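Have a look at the structure below, then the notes.
The first chain written gets the first letter, and so on, giving A, B, C and D; residue counts start at 1 in each chain.
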């Protein structure tokens, strides 16, 4: 299976569907099973002590997996987050962007699973890991999205 | 073991340590092993479609478990989130506050675990569940907080 | 929604579908949303040091959630484990049975979620917690079971 | 940091500490941060329908992360599983061994985190993923192992 959208088309589409937050997220790279997403870290993402907040990392992981599902399935596709597991392993550097490297492990008919490693830009020690699972309802069935 | 802070003392302390977000969170009830925390849902917590965003629910779960650890161990205690698992089960009602009922399952010397069920205010069907794990470093050892 | 099988019918059915392990598991109690399942701890469930093994606790959690789904949906229903999160909090007592108290948090059209607390028999301190998620494929569609 | 045991020393040590199950597990490869572990699938690991059971996959993931911690820290080291998250994505082939590729994401003073992808031997589609977290108590403090 190949990509339904390339990097520019995906970025365009995300501007439309995430008008409030699209400036926070930049698609750095896009391959068939891997996406690299950048969180442009600003004041609102920080916690006292100068670290990136947990909710910001959750959001980055969630957007990364959602974006690669969109890139694969195309812009009309529905996807609802149903599960997440995260481990926070090192203190993020609040002065750096956060980089998510996301691998799509499964893209089935009704379920998708993506794995995410997150790094402070320039470091190769992961700050956090996440797995996000998505329900993929049939088109035109938003009401069923949560299964 | 009993509480080191009552509900009012805990609310006071949260105002000091979370100056940016303390208005979002209200301690509704506090017992020895259970806390009920309210997310006062506003525009910034919403997603298109009028639902509460995933990062907002993550934040609510995280603050709930952190708050009951503080209430038990007192205000000087350190606690760093090390892990989280969440399941999103129903669509939250963006027009209602979100209520977290959090049970402290373990408060050990170095590790705490709390379980959280989240509801749209007035409903008894859980919107999401979360388990948060915290590392509890010895006092004066913030550098070791991530284990 | 009420139960499609009572406790005796459920136990009967489990004898048929789990011929190898049904002696390990006993349904202690069954309500509409809660099941109490006992792992009859024997030599094969133990680890050096006299504790119950992780795989045994995983199996207990998995069987508990599966059993309450069966009790609710009836014996022809399909259910495939798609996800699990567990926290191990205390050392189990290898000389005692292990008791799982399982609450069904969601039973949707295509997804079920159950929460499990596990105790060494006679203690009220949870040894472990687990959340299991199940995919519920439409009848006659086993090939799609993993979504 | 380098390995405290090579592949042969690790296999030797596992024979001593897991006398009951060491035949089930074979260390295929060992590098500084990555271990490949083989579950030699036999009758006892199977479920009706000819698939590998969930508890067997849990056990494989758990042993893999434990083994690489041992290889890094040496044979006297203590490590207690405190958490696990798993996603089951495809049906395993009960006629093939199961191969776990485990990456050690963090080996801190008190906490270790390992990520595991599991495959039916010969396939490159992951059957399951797991993250296991371990508490690493100081030497001579087994009683504190659960934190």
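The working rule: a contact is a pair of C-beta atoms (placed from the backbone, for glycine too) under 8 Å apart; a residue touches a chain by one contact, two chains touch by 3 or more.
Remember, it's a predicted structure, so these values are computed and weren't measured experimentally.
A.B. asks: Taking all residue numbers used at the chain A/chain B interface, answer same if over half belong to both copies and different if under half do.
C.D. replies: same
A.B. asks: If you average the Cα atoms per chain, which one ends up farthest from chain B?
C.D. replies: D
A.B. asks: Does C-D or B-D have more contacting C-beta pairs?
C.D. replies: C-D
A.B. asks: Could you please state the distance in Å, as a whole number, between where the Cα atoms of chain B are centred and where those of chain C are centred?
C.D. replies: 28
A.B. asks: So, what's the distance in Å between the C-alpha centres of chain D and chain C?
C.D. replies: That pair's centroid distance is 23 Å.
A.B. asks: Using mean CA coordinates as chain centres, what's the chain B-chain D distance in Å?
C.D. replies: 32
A.B. asks: Out of chain B, which residues touch more than one other chain, so two or more?
C.D. replies: Within chain B, the residues that touch at least two other chains are 82-83, 85, 87, 89-90, 108, 111, 133, 146.
A.B. asks: Make each chain a node and each touching pair an edge, then name the shape: line, ring, star, complete, other.
C.D. replies: Graph shape here is complete: every pair of chains touches.
A.B. asks: What part of chain D is in contact with chain A in the complex they form?
C.D. replies: 85, 87, 89-90, 105-106, 108, 111, 113, 115, 117, 126, 129, 131, 133
A.B. asks: Mind listing the chain B positions that touch chain A in their complex?
C.D. replies: That would be residues 17, 48, 53-56, 58-59, 62, 80-91, 145-146 of chain B.
A.B. asks: Using the touch definition up top, name the residues of chain A that touch chain C in the complex.
C.D. replies: Those residues of chain A that touch chain C are 82-83, 85, 108-111, 133, 135, 144, 146-147.
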